[in-house]
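Just so it is clear, A, B, C and D label the chains in written order, and each chain counts residues from 1 on its own.
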């Protein structure tokens, strides 16, 4: 497989690398140190990220899509083989439900560990007693809330057995019309349910709660922004952290500043990386506004040496029209992990420049 | 069925009506004239509007939903019986495809006429030769474009036979990444295809083209705003008009001003009424910002006496969580046609006040 | 002055009032109870609200504008005389600086009390040692921060002498470029300064901190949203509360939900009422989206019986083009207090309907 | 002045340039060709761009600011000396009014030509008969409109004498409240006034009309978006073109697509370059979203060979907090022209890659 064109590509890459190294050296920066940091950086791939996404209007599946969890794990393993940047996979339950022994042996076979578990109470499963049409953790009906809590506890139990160390909760609870939901009472019910889940968390686990401005609920969402998310994290306790999905914010929001605030108050749990131009578009990370991604990483690099600082990184992108072959065989890793690595490197480089540039800009405003 | 509570409700309604009449009379306005205008106002109901909508995350169907076109026509007929405000139905092809004779007799049975036909080239049908994953009217492949054009011509032919007088085109064409589509060449192909459809339009028909900022395409949409839509209408000819869906605009856009501009240049075709807080939420008309709806109607009332001014009105709402029974048996008409009627009435009342209020506000800025 | 037209207007008003009373009575609601609640509702007028506003492009002053604080107090007194809804005035220091005895006697003469004091560290005064170009409470320079803190303490001292019970802090601190400010260090400095002010607060005073998405800083603002504001309030202590200006939010933000959250966590301090379509437009309250204002009041009415719940209400509108005569002689009170009163009344009426309507909408989602 | 550090900096720059050249060469791209294109690219500097900007809240002037036009021309000349990228200056009348002979000799002295003239009917001058508080070209009063038209004709006459070839019109006309302005009648008056100006345009001149979503008018703006702007250009004639200011769009708008549409229909006049995160922030070009700037240049490069394609480029940034010394002595040119040049170069490089990348992404969607 290593033919002439591969050898030429490697030579070109080496030449570019050396030129960059010389450039950085002229600025007093050691490229080897950056390379090591980038090499140590990894992103989880979600099991659902290797299928073709869709919109409420249509879904255009590609040929030979992975349908069940074992096919998906094969794909995720292949991406890591090609990129060496995605060493773990994040399961979504009950989409990925399977016999424990099979999951464990398959994980071993594809050399992937299991990252945070994702529960699902935003869809109805055929075997469940209570529907989530009007909410789950915040539902007015206690039995429905209990069912949703127990599903999350079951996810923790599964996760414990496959080596996960975190549970991610995102719910679709909210309302489509003013008056449909009582904001305060609904949030009280949510907090009560979340506390029950938190109580079932093993000591070495973290709970990630995720905010989202809207969709599927189109008038109000129970965890609409980082402000509410941060209140949750403060109410629940020291092991609850806020998960930041880059596409879940109001237009014009300064996301890097939100990241900085969460870091400052010890509540940044991690990321769902993607990009968006309009709503929660779930486009490839860094494809719409790469500089915004850089600025987010800038905050992460700045906080890297804070004791206990260990945010989780996951790619959460929806591939609606990109070619499935390209996407699954490294393509998804190219724009995603690639962009992330690039940003990480760039941040390291520019991070050292920060105070200088800041001074140049403002003389007094750093 | 006319029991005591109904009689009491009628008496209360009469008392409120009389009180409003007296109030208007004190302001020199004749309530009967307003009532007549409101009574003459009608909205089309789309066939797909009587089913439960959904999001890309989930769909929570109600019990006893209408599945096929004849069930849907029953529902639409019932809504008109209850509201006397929705005398026509708008079909979506090929969702509503059926034998011509059956459509005609059913329409007669439920006493509904057929409004604008809606073509569909944003989804793949099982029997079609070319897929629309990468576009339809603007696709790079000529055979795909031809297929999409012919589908629209077939819609016109069906519409001719059932008494429709307009075709509405909305396509999902666009791109998810910069570089995926060449803006200008794609739009040239769209215009070329649209001209082929326009050429097949009967003389007494209108073509409605619809703009949408985004979704399903999340980086660029081929007819992204009223500016592009207006260029299409000018390129195609005097029988092409712009359709305004209230939820298809950028945040903060002044929709009533867009409506005014399209009226001024003779290019307002009609409306898809709904409301939105974030994206294309398809919520009940007037449920989020009823004053905005009022301002839109204000422009319509202002232009009502313009010769040839005859915009089409259709409710295009997605009912994801509201109770299907309430919704279908009058419920959808309550917030929708109800709000529209209310607005229409209010506009008429306040329309007469406009110059006075304007002067009070600004003395010189009317 | 009480001529025939006034008598006729009074008769018309009485007839409308009686008709509304009868309508409410048919729905089982007592209009007198509502009237009493509305009569008890008051808004502060800011001293700067009686002048003509402007933009960075231009300012078009009206004839006979009040220039100094005593003229402004005359105007504010007149507005209260005409509306009986604006019993207090909110001073802005150092714009309104004057001899204490003169302020007190003038306040008595115009029968107005003094509401929250507003400090100003977003502009440079001619006599100050350190400039605020690069920040005030969060400035990198300790002497500048000290100066800003001392200005706030001086405001408290003045307020103590004129009977105020609250201090409102809004700063323009932020940055125009990424890298110009270190988010975390700047916010630490802000918190440190704010704590120094809080330490100087009399026991029966409240501190109101105000968030604003942007402007004058156009890349980042130190208190950019309610999330940061709520963190401040939690850090400072039980007498710090968040002030919500209706125009200081990201596009599409659900402001009524933010209000509900702040109420739930005991941190709602009060409001700066105005309205906006695009940015911080400072338009007349309820003029752009009156239903949004209604929904905000809906939350206030819902929480009205909570012990200790006592938000401050102030009109903060900028009159750039409206006629100064109309505006100052009651005009500003018409759209503002008028809208607020109307909303308050409407809320009371509809508040009682809430659970019923909620049930009608969703059956299960209240 | 050419000391050791300058020599070292030149050597470093040369090394970086050579490394980039080698890299491009490996990709089959000639760096000399790119350098020539970049060297030929120039931007106009507006006379007002060398002063410290401000907001409606405050203005923090720097020491030694240029106040009058001759000082400003000195500054503009210095920027061009340092950057060789800003060979012309754009005057704003009547801010820059001066004796003709003095303007001409000063322009010659600082080796700058005069770019498009900017008229000003959004502020009142002390000597004018009619105020613009309620509008200028669209004012309800004919005498005010005539005054505004005549001011524009006087600008053309001055421009003719100093060698300009274009007039740029931006007006603040609009409304702050619904009902304050009649959209259609106001726009008819605007078109009528604009036609009078267009009639006075020399044959070899162009007229640039500029749209802006809002501010100073906060409810409606007479030329609110590119759709209205394009209608103006079509109504006026072949020498009227649309000017695109990057900060004058609704949130989330796809500006590069708007640019492509205007190019396609022969109506792109040019740019006011700046950047924005929230509103019309007037920040340094490319400082918020550099990739968006790249995508705009991508469209320009794509259309570069179209006969007659000649858009005007001007930097229109407001420097509120950046250091005046740095800004005026090359600083403003660094982020601005620098970013633009960089983008231009990048576009050229990547422009050649476009079809390849497009294919890789979609196989069929180019």
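Following the convention adopted for this analysis, contacts are C-beta pairs under 8 Å (C-beta built on N, C-alpha and C of every residue); 3 or more make two chains touch, one makes a residue touch a chain.
Computed from a prediction, not measured in an experiment: that's the story for all the values here.
**Student:** What's the overlap between the neighbours of chain A and those of chain B?
**Tutor:** Touching chain A as well as chain B, we find C, D.
**Student:** Given the touch definition stated above, what is the smallest step count connecting chain A to chain C?
**Tutor:** When the steps are counted carefully, the minimum from chain A to chain C is 1.
**Student:** Could you compare the number of C-beta pairs in contact for C-D with that for B-C and name the larger?
**Tutor:** Between the chain pairs C-D and B-C, C-D carries more contacts.
**Student:** Using Cα averages as centroids, what's the distance between chain B and chain C in whole Å?
**Tutor:** That gives a centre separation of 40 Å.
**Student:** Please report how many Å separate the Cα centroid of chain C from that of chain D, as a whole number.
**Tutor:** Centres of chain C and chain D (C-alpha means) sit 38 Å apart.
**Student:** For chain C, what residues touch not just one other chain but two or more?
**Tutor:** Expected reply: 133-134, 175, 177-178, 180, 213-214, 219, 251-252, 254, 277-278, 288, 321-322, 361-363, 365.
**Student:** Which positions of chain A touch chain D when the two form their complex?
**Tutor:** Answer in residue numbers: 12, 15-16, 19-20, 22-23, 26, 251-252, 254, 277-278, 288-292, 321-323, 326, 360-363, 365.
**Student:** Once bound in the complex, which stretches of chain D touch chain B?
**Tutor:** Those in contact with chain B are residues 133-135, 139-141, 175, 177-184, 187-188, 213-214, 219-220, 224-228, 230-231, 234, 249-254, 256-258, 260-261, 263-265, 295, 298-299, 302, 354, 357-358, 361-366.
**Student:** Which part of chain A faces chain B closely enough to touch in the complex?
**Tutor:** That would be residues 53-58, 60, 122-124, 131-134, 172, 175-178, 180, 213-216, 218-219, 251, 276-279, 281-284, 287-288, 320-322 of chain A.
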